[in-house]
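Take a look at the structures below.
What follows is a pair of complexes built around subunit A, which joins subunit B in one and subunit C in the other.
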Partner chain A sequence: MRRYVLRRLAVGVLQALGITIAVFFVIRALPADPVSRIVGMNPTEDSIRQARHALGLDMSLFQQLLTFLGFHGDGVFTGSLGTSWVSGSTVLSEIAITLPTTIQLIVTSFIVALVVAIPIGMATARRPGGKLDKGVFGYGLFAGAQPEFWWGLIFIFVFYFKMGIAPAPLGLLDPELTAPKSVTNFVLIDSLIAGDFTAFKSALGHLVLPVLTLSFLLVGPLLKMTQQSMSRVLSSEFILYQQASGLEKKSIGRSTLRSALAPIITLTGILFGFMLSGAVLVESVFSLNGLGQYAVAAVLNLDFPAVQGVILVISVISLFVYLGLDLLLAKIDPRILVK
Partner chain B sequence: MTPPEALLSARALTVKYPYGDVQNVVINELDLDLYPGQIVGLLGESGSGKSSLALALMGLARHPGIVSGEVNFRGKNLLKMDDEELRQIRGNSIGLITQKPRQALDPLVNVGKQISRVYRAHSQASKADAQVRAVELLRSVGINDAERRVNAFPHELSGGMAQRALISMALSVEPDLLIADEPTSGLDVTIQAQFLDRMWERARDANIAVLIVTQDLGIVANYCDRIVIMEDGKIIEDRLTADFFADPHTAYGKKLILASGAGTKSSNAEVAIATTPEILRVTDLRKTFEVEGGKRLQAVSKASFQIHKGRSLGLVGESGSGKTTVGRLILRLADPDSGEVWFKGERIDSISPKEFRKYRSKIQAVFQDPFDSLNPRWPIERVIREPLDLHTEMSKAEKAARVKELVSLVGLTDDILQLRPGSLSAGQQQRVSLARALATEPEFLILDEPTSALPPAARADMIRLLKSLQDRLDLCFIFISHDLSTVRELCHDIAVMYLSEIVEMGTSEQVFSAPSHPYTRALLDSVLFHDPSSRRVDRKIKAELEGEIPSPVDLPAGCYLAARCPMAEQRCRDDHQALIEIGPSRSVRCWKSVEASK
Partner chain C sequence: MKKIDDYTVQITQEKENKLFLPALTIFGMGMFDKEGMEAQKTAKDPWSHDYANTVNVPSFGPYCLSKWTKGSEFVLTANPKYYGGKPAVSKIVLRKVPQSANRLAAIRTGAAQLTERLTPKEFASLKAVKGVSVGSVVGNESLFLNMNFKVAPWDNIKVRQAVAYAINYDKLIKNAYYGQAKKWKSLVPSTYPGYSVPKTQYTYDPAKAKALLAASGYKDDGSLKLTYVAEKESTLGPVVTQIKADLKAIGLDVQLDPLPQTQFGDRQLTKRDLPFAVNDQEKPIGVDAGYATYLFFITGGLNNMDNYSNKVVDDTYKAIATEADATKRNAGLAVIQEELAKDVAWVPVVEFATQWAYSSKLSGITWHPDNCVRFFDLKI
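Here is the complex of A and B:
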């Protein structure tokens, strides 16, 4: 078991590094020159050369890679992701600010989505063709047809403009509040630590619409998977046999849920990895300065260190998420060997 | 004598499956009575609704089916009972054994827990008591090492073991009615016999009613008092067993009896010992597989035999005994660890795969699952032509003629040539496999369970076909099967395998009329003849084996049968047994049998 975890981590870290190195080369192969963005209009030959030198772009590709990895001073191996070419602060510190915003958003969205999807999925699997099932079918047609930012805009329109029950879609907190002292960079947690309940409430309020938007979309696939998985288990021999053996309803219900859980967990893992960068549209609509926004800005500015850093961080987080879920799966299902 | 009152009587019983807006009616207003102490065999084509009926008698249907009508159990309608009352009856007064034992167990929970859950659902027992009871139950159905096995998960059990676990659960509560859906389809014959004997005794002693769903007319003839035949969700024939066998009323019943003609006691005419030239010789063949934990599984050991021109060798034994592996070693689909294979005086086990290719047209095979071995995208014509393309220099016209000839040889007609394998029945598919194997006029064939996957009627046809080809083409083959009556009909010589070793060899006549090894005797005795006048349960002395087949990974030091053999002595447990000749072309791997033959 320990060996399994260690092996998975070792392989995962190599993979993450591999992906990052691949990205390292791919962005450098793009037909766009980051230097021209930095030196501005009508640069002199000299200023271009200087800028190239400052960014380290005058070295050979291989030397640049070694620098990035940390063979010449600070780099990935020494825990540094370099300095952003745009802002001049370290990539790590920027990610440390933007990542918690995204994580806070997607974790809450997943919790909401799972809490909604699993019970409804179970109920509709039990009574296929029932009222609830028809409703779910309608939702599937409806929700799936529109992109997420569109739903975000609709929710803003309805709940903010029309009904006025949601706060303005501008960031994490009411603008007049001062942010609580950052400890974890998770606003919800920091405000609790600071004992600032006004900030906490405001942060919660600001989360409602983005979470509603994301979970509104996440519920779709999760619900579908729950339905499928449940109806597979419900029509399985062993549930039938448990009924024939006269087991109590409660006990049968528990077996059913447990058996149906594995594919839902797997899907959650996949969606989570995807959402780390995929929540970008929702982040823009609600002006949340999250990792997705940061990544898009980095790509647009050809800020190579930032792009590389984001990719590496996302890969490492996905690695831990997948590993955690796999361990959970192995705990549920003895057929999955964890050695 | 007035008939006893029915224990269960179903009236207008109906099961429907909603598919969107249509209703698929699988049980259609059916009436059935079951009586205490009576064993009823339920037969019918696959899809006729047997399993659905078995479940509906407990008020159950597969999700999302709906049961309606009446099921009166001791005068009270199950379908009208509240959940709790119904729960008390299921698994307590009515026991169920399902067709797929492994799937019937929750894959995520260990077996002991599952058994004790059922036990606790119907008693006040504590968790600890129930666990103790689970161990007892497993032991009572002959699972050795029960203390360890209770902690096993279903995927760690063999199908046979899972089946026993279910049987132990169903019998543990002493039900009044036992419903068994093909309860022995996953079991080996000797174990099937053990179970059915027990069930029969229980029905007689405790006066329980039994409904047993089966495809096997042998089970019906030997154990059932009454036969019920279903078709399209209705009962079309409901008779006492003896009456049915004497004179089946329905077309399906007639077909069954006709097909079973192939399974009665008739045998090959007395065959002499081989005198023709030798075609294939195998000496001291051994094959092991690496299994998890670095251990080795012994699949075949010390296999030696030879086959002469025009003769056929039947390789029989229970599942896992190594029959298929022997065939695969000859075909070079696997390489032996040691030993030799000679084909017409040339050694073929150590030549390169490339050199072996020239023997491919001479040595052909037909496997158990016909569909698996046919390319589903090719028309039949191409399937049969393929070996001609590979191994012969024939012209196009010659090939076309040969394909037609082959098709008629295996009793098919030309119009199937343009079809694809998927649109043929299993029996037709298997004939196509056979035609393909015969295409290059091979001198030697390996037929690995070619009849086992076929429904009874198609199986009988296939056997008839093989028999006629044997006469016409002077075929020389190995026939691998666990079905003794088929082997008896088709083969001149027999080798009986048990746990990787050949334990007895001789001509068909010798082995079937005077089996010598205790394993062979038990195997023969567990054959269920399709004849209600010679039932196994009426026989006074039965050759029986106890318990289970040991694991091929941890084989015992002495005789491999010692743990199950009724004649075992200390010497058997100590000494490994050698295959010893006890007469012309006859040998046995058991010192007691050797002594008895002197």
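Here is the complex of A and C:
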């Protein structure tokens, strides 16, 4: 197991670095010049030259890459992701603020989605063709055809504007509240650490609609996968043997679920990696200052250090998420490690 | 420049320049706190410019920056040492809310007390809502089409005139601006000193537009693009859609080309190679027609995005730059505006209202040329 983990980590680090280097070159091939933001109107040749020098763009691509990686001072290998060309803050500090918002959103959404999808998927697999199965079929078609931002706006209109039971879509906390002292940058955790239950309730309340929006979309594919995986396992010989042997339904259910979990876990990992930046539309609709919003702004503003930093961070997180899920899979099905 | 005392300086000009006093009112001329700025200087940032741009601004305003989450919000609290006294509103939270529909919902439900940059339709929807007021001023915001004089076919006067006659201005004001705009008759804001209405005017006349296009000799091959800022799709979308339809009706089939703000700015301000674009974000912050002329239309001007050059305009401006007699100065500015109209330096489309939606309990909102609210003036 240890060798497996170390091997995966080593390969993953190389993968993350490879992706970041690829993005490094791709973004510099874009037909747009980031220098204009600094030089402003009617710049002289001298001011353009100074700006290009300030951004390090007068060096060769290879030298820029070495600088980014940390061969000429601070860089990736020394834990620095550079300074944003837009805000002047370090990219790491900005990601440290935006990433926790996205993590809170998608982790909570996945928990809700899995809690809903797995039991319903199991139930529909046991009774195919039933009312629940038909309802799920319709839901799967319906939910899969809608963009998430549209649902977000609908939920805001219904629950906030018309019914007044949800808080305003103005971020993670009420504007009147003072944010708790940043320890982890996770507002939910920081408010508990500070004993600020008003902020905790406010943050939890503000997460309800975005989580509902995301989980509404996530439940569809997870439910479908659970249903199909469970159906496949339920028709397998060892389950039929258990049923013929008169084992309790609960025990059969546990065996079935354990065998059916692998594809569900794999799908969860894929969706999680996608959601790290794919939640940007939900973040925009609910004014959440998350990683997706930061990434989009960085691309639109040609903020090269921010784009590179975001890609690297997402790659590293995905690496650990996939590794964690693979270890979970190996725990459930020890044959995986042997293979 | 001579210091008279701790609060007075004397400035002597070689020649009187009527732009001088308006220039002093420009919001960008803030006063920095010398000691505060010097305390932040580093070898890399000897004038603390980076500090002022990215961290805080040591100055003398009525509010202090107490929190800044970049890209998300900043929180201002009253400056206890402000020479003008304590502001009525002691804490301001400015939060970025990307969706205008959410800003609208927030103001309607009272979650926010002030918002801006809603779409014209959204502002119109608030007029009948209890507890919400809409403040509206036609100040210096305008929409125009700019056509690059160094890029064919826009270097052809007949093509430019054809475009100017092709636009259905009344329909655009009604459908895209919900009546919250008026036709722009010159190329400087109508509220500015020195504004005059040129005799050359362009009204909606598609027959004349077609004739001019035919006379220009230009054969449309469908390659023309109408560029606009992508982030402004919600407000500019209806505008460019109609302009596209109006131009198609006279035989010009332009493709809509949304460009991210940064790239738009790069092409327009730095490279100056945008062929044909819709623009609604240029506002001369010096309240003077001469300032606007100098900014946009003098050969090599700071924001001469179209590479426009006209010797009459340049020479006239040079002559009136230090003209002390206001009547003569305004006459010169009128000559300039007539030349700009004849050349179709831009196609002036509309002047639209700068608007805010705010709680009926809030008062004190006044218009300034930077279109920003002065929080010190607010009372709730």
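Here is the rule we go by: the second predicted complex is superposed on the first by the 337 of 339 C-alpha atoms of A that agree within 3 Å, B and C clash if a C-alpha of one lies under 4 Å from a C-alpha of the other, contacts with A are read in each partner's own complex, and residues count from 1 in each chain.
In this section, a contact is a pair of C-beta atoms (placed from the backbone, for glycine too) under 8 Å apart; a residue touches a chain by one contact, two chains touch by 3 or more.
Note that the structure is a prediction, hence the values are computed from the model and not measured.
After superposition onto subunit A, partners subunit B and subunit C are found to sit side by side with no clash. In the superposed model, A:L302 makes contact with subunit C only, not with subunit B.
Of the two partner chains placed by the overlay, neither subunit B nor subunit C lies in contact with A:Y139.
Using the contact criterion defined above for the overlaid structures, shared-chain residue A:K249 touches subunit B, although it does not reach subunit C.
By the document's definition of touching, of the two partners only subunit C reaches A:L153; subunit B does not. By the document's definition of touching, of the two partners only subunit B reaches A:I332; subunit C does not.
Using the contact criterion defined above for the overlaid structures, shared-chain residue A:S231 touches subunit B, although it does not reach subunit C. Contact comparison for subunit A: of subunit B and subunit C, C touches the greater number of residues. Fitting both structures onto chain A leaves subunit B and subunit C with a minimum C-alpha separation of 45 Å.
Chain contact summary for the complex, subunit A toward subunit B: residues 128-129, 231, 234-249, 251, 255, 258-259, 332-335.
Subunit A meets subunit C in the complex at residues 32-37, 39-43, 48, 87-89, 94, 97-98, 153, 156-157, 160-161, 164, 167-171, 175-176, 179, 284-287, 289, 293-294, 297, 300-302. On subunit B, the positions that touch subunit A within their shared complex are 18, 20, 55, 58, 60, 62-64, 83, 86-92, 96, 98, 100, 103-110, 117-118, 121-122, 153, 155, 166, 169.
Only residues 50, 53-55, 67, 69-73, 93, 95-99, 101-102, 105-106, 108-109, 111-112, 231, 260-263, 265-266, 269-271, 300-304 of subunit C touch subunit A when the two sit together in their complex.
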